[in-house]
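In the two assemblies presented below, chain A is common to both, partnered first by chain B and then by chain C.
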Partner chain A sequence: MPIALPLLAALIWSLLPLLWQLLTSLRTPEALVLQGPAAWLQGWTLANYRQVLQGDPPFWRYLFNSCLVGAASTGLTLLLAIPAAYGLQRQRPALRGGISLLLLAAAMFPYVLLFLALLELARALGWGNQLLALALPYAGLSLPLAVLLLRAAFADLPAELEDAARLEGLNLWQRLHRVLLPLLAPAVASTAILVFLFSWNEYPIALTWISRNDMLTLPVAMARIAGSSVYAVPYGAFAAATVLGGLPLLALVLVFQRQIVSGLTQGAVKG
Partner chain B sequence: MTTAGLHCEQLSRRVGDRLLLDGLNLSVAPGESLALLGPSGCGKTTTLRLLAGLDPVSGGRIRLDGQDVTHSPAGERQVAMVFQSYALYPHLSVLANLELGLEVRRVPAPERRQRIAEVLALLQLEGLERRRPAQLSGGQRQRVALARALLRQPRLMLLDEPMSNLDAQLRDQLRPELRALLHRAGHPVIHVTHDQQEAMGLADRIAVLESGVLQQVGTPQELYHRPANLFVARFLGRPGINLLAGEAGVQLGIRPEQLRLVESGGLPARLLRREWQGSQQLLWLDTSRGELLLLAEASLSPGEQLQVSWRPEDELRFSSASGERLA
Partner chain C sequence: MTLLLLLPALALVLGVFLWPLLRYGWLSLQASSVLTGLVPMPNGGANWQRLLADARFWQDAAQTLRFAGLSLALELLLGLGLALLLHRPLPRRGLVRALVLLPWALPTTVMALGWRWILNDPFGPLNGLLQSLGLPAYGFLSQPASTWLFTVLADVWKTTPFVALLLLAGLQAIPSELEEALRLEGAGPWQRLRRLTLPLLAPYLLLTALFRLAQALGVFDLIQVLTGGGPASSTESLALYAYLNAMRFLDFGYAATLMLGMFALVLGLSALVLLTQALRRRLAEVTP
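Up next, the complex of A and B:
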């Protein structure tokens, strides 16, 4: 199997940091610095997980917060991006090209430059420490890319399909709901995952908008664990939090694996 | 003037400064089948889309059974269309494909089931209800598309290149079936094709389009024997019509099968090459009046000196300037 070797190398290359993280999360602080083969026999512990899960508030609270914000951001983004993408695809080519270019520029813009302005906005509107309010900037920042991805997916559908549905008397909503969206499920799923991932990982806005301990999202909460002591870095607890924080994503990707892959390769092959 | 069926007057479609269809006048009676024939880009698919309501009309009127539908939305015209790609919903079974339209038009479930059962039987699709379009053959897909169109109970049936995705053998087999079925259904039928065989096999009348302008409408025989102009004369008939110079300002057209080889008194000709076509041979002749095509049963070899003749009444005379046929 000559192909398997480079494949294995690639796998190790990309999985090694994750494995290291997993190992770190299961060891005592002393065991981390032990050397030699004997080190593998001692120092295993679940104390890091216990510490993280029994904190105040418990770690699952942050998981829940992040899931809530992620779901709200994803839902809001799709709700706006699907009709926008459909409308964009129906425009004259010149207008469509111009708008797509603007969307691309917006998608490329480094959003970190915006967080101070967004903070002012949140303060003025009283959106600080409102968990769901986070979904608004997240959806706003995700929309350009989501619209571009979904527009390309709409463009890949044969135009005659929608014509046929129009002749049969389906109105716009029925055409989207009964004909177009079922066919776009892979593209919608991969777009949803991208938006969810952005929301899951987002740091600066979450850091500045939320200060109440029980409302933090995962990235901010994890940063607090890392910075909880001036004198020591709690590698073990930090790693345990990372592992726990990665689990929901892993589950999500496993469930939607088929859709994501077929969404990524959409348009590559006819049929 | 009767009001039943389809009537369009001065129908036009303009996109930017391009005139895709220029003042089309056309009527199709219930039960009649008309073929729109022409090379690609001649405006035939444009016409179909205007009639279906898929594209906006730039000028003129469309009336269906006496009702002005020029600006009605596609879904309210009761016009059905079989698309070139068939446009079956790929994620739905045959049954769901047929049912979707009835469902959104709020046809009650028992009636839905009954009508679908009827049309499935008519098109011999029973047993395929649970299949997805991808699991059907080309001929079966065509029949499902046709079934979906028939369920619309249309006032006008449109077919866009209905045979182009089928192989030649299946096409020959399905043509008479389709023709009989459409006749029985009794609505006006328009089908678009660039294949004159298909047009002649499926249609009662043929309308020839070129550059968005209607050239001639008539029965296949009329178009073949009395073409309105050079374009129609050249477009219909395989092998194509022979054109040679007549008196000043006149071009003569003679069909290859109307040319005869004679012993004496004809136009001297030399055989350039030949093509065996089964029952007959297609001969290319070089004459003083230009190259001629001729169908003959004789077995001849290239280089032979021959004489060719035709009956004066078989000559079609066209104006060299306008291309119109002269009386």
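Up next, the complex of A and C:
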């Protein structure tokens, strides 16, 4: 069977809705409601992008917020997950299996269920409208998968390696830092990118923790546009925001495609 | 000693996952709403009695199941097809994978709004297509009978690449010699799929199905942005109903009860899937 045809179909299926956003973002509101082929000759504009970039707060503010939260969550997750994965790998098989199973169940859990109790916590601790505070629940939600992925990577390293380092007189921190981690770099990268994607896209917790307009993360800012009115969503401006918000992810996916794929597939194999 | 290294991570995980469930257990036995000034007061099992008699809860449960069932079936089917496609030697494999993966990587709310425009009545591109074929415009998002199908469409579009990648991992674990041996026996592509690929892929299919089932039963972002639960609550999911109870009706006691009801549903269905799988394997062992 020739492969080109189904491949083309898959690509069109994936990309057409995105390309449509790009087209919409370049059209004037009047042009969006015109019918017929003649409509394509007129009504092209960059005004939607100007509107989004000069909004209050300007669009880059949401990008910055999401980047900040993503970076903090990723850093915190790795900081906790790397020692935990090492510790888990060193446990007796029965205990290791039990904890791994619990982590797997947590990784599958539909976390939207948790938002109300987490919101209560945030209110009690005064964490509302604190961007960096989001890193705590995000790290907690990402840890199960992160620990499982990194545990599998530790298991793949030959045991003699660490024994040799121990005989050299290196302590635990030195063994981790100088010997094991450099070899784990690919797995750490995969884990990091998956955690970053999760916190970049997370919605229910950010929605309930953050209310100040200039503190919103990207997904919440986008949804707020939708909530502003059911009937007159400014689609041109919104499409421009989609494109601007999608570009960093497009770059991320193109650059880290290998790490994302290996992270997901490792998760499936070892999880 | 090495157990100590695990503790910080486990503490945070327990805090984020276990604490809310315990808290809901307690809160579901309290009246905690605007009527009580959001101060919890024990009310016996009143929340649970209300849940059992709440027609909207049962309707949303049925709608959530309908959504999850159809999405899961389509995503596994299309995901398997896509995985088989991506498993073959492709030109520019990395680029193709990245492009196919893109819908999954974008925030759900972003693409839910994108779909809202695509499905817009009458100006969206899909209606433009209908009209250029001489058909009348269709209210994709305003038909109580059919709008849920378009929430499934948006979910399938976004999640199929993810399913495909998990299954791709399974395909890559199948030794190519086995496939070659079957080919030499004269087995066609369909036979190779049924006799070799699907049986060896079974654990991956099971894991993917469990993961997607749990996520689809918790669907929230997509519904909230694409339809807001409408028209006439016909696409409202359990998670959205619980959210409305907490954030709009300010009834924390009942919202916590709904969360636990949803949790029971996820747990029950996952157990059912695991049991039927175990049973099928047992049957396959006794009947050669």
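The criterion applied here is as follows: the second predicted complex is superposed on the first by the 241 of 271 C-alpha atoms of A that agree within 3 Å, B and C clash if a C-alpha of one lies under 4 Å from a C-alpha of the other, contacts with A are read in each partner's own complex, and residues count from 1 in each chain.
The definition used in the following text is that a contact is a pair of C-beta atoms (placed from the backbone, for glycine too) under 8 Å apart; a residue touches a chain by one contact, two chains touch by 3 or more.
No experiment lies behind these values; they were computed from the predicted model shown.
Peer 1: Contacts for A:158 in the overlay, against chain B (first) and chain C (second): which applies, first, second, both or neither?
Peer 2: In the superposition, A:158 touches chain B alone.
Peer 1: Quick check for you: in the superposed arrangement, does A:53 touch first (chain B), second (chain C), both or neither?
Peer 2: A:53 contacts neither chain B nor chain C.
Peer 1: Determine, for the superposed model, which of the two partners chain B and chain C contacts more residues of chain A.
Peer 2: C
Peer 1: Which partner chains sit in contact with A:166 here, chain B, chain C, both or neither? Use first/second/both/neither.
Peer 2: In the superposed model, A:166 contacts chain B only, not chain C.
Peer 1: Return first, second, both or neither, reflecting whether A:225 touches chain B, chain C, both chains, or no partner chain.
Peer 2: Second partner only, chain C.
Peer 1: With the two complexes superposed on chain A, say which partner A:71 touches: chain B (first), chain C (second), both, or neither.
Peer 2: neither
Peer 1: Counting only touches as set out at the top, which of chain B and chain C does A:178 meet: first, second, both, neither?
Peer 2: The first partner, chain B, only.
Peer 1: After overlaying the two complexes on chain A, where does the chain B footprint on chain A coincide with the chain C footprint?
Peer 2: Chain A residues touching both partners: none found.
Peer 1: Looking at the complex, which residues from chain B come into contact with chain A?
Peer 2: Touching chain A: residues 52-54, 73-76, 79-81, 83-85, 87, 89-91, 100-101, 104-105, 148, 152 of chain B.
Peer 1: Give the list of chain A residues in touch with chain B in this complex.
Peer 2: So the residues of chain A touching chain B come out as 158, 160-161, 163-171, 174, 178-179, 182-183.
Peer 1: Touching chain A in the complex: which residues of chain C?
Peer 2: Within the complex, chain C touches chain A at residues 2-6, 8-10, 12-13, 15-17, 19-21, 23-24, 27, 81-82, 85, 88, 90, 94-103, 105-118, 120, 123, 125, 128, 131, 157, 161-162, 165-166, 168-170, 172-173, 189, 204, 207-208, 210-211, 214-215, 217-218, 220-221, 224-225, 228, 239, 242-243, 246-247, 252, 255-256, 259, 262-263, 266, 270.
Peer 1: Which chain A residues qualify as touching chain C in the complex?
Peer 2: Those residues of chain A that touch chain C are 1, 3, 6-7, 10-11, 13-15, 17-18, 20-21, 24, 32-33, 35, 80-81, 83-84, 86-88, 90-91, 99, 103, 106, 108-121, 136-137, 139-141, 143-144, 147, 197, 200-201, 203-204, 208, 218-220, 222-223, 225-226, 230, 233, 235, 238-239, 242, 245-246, 249-250, 252-254, 257-258, 260-261, 264-269, 271.
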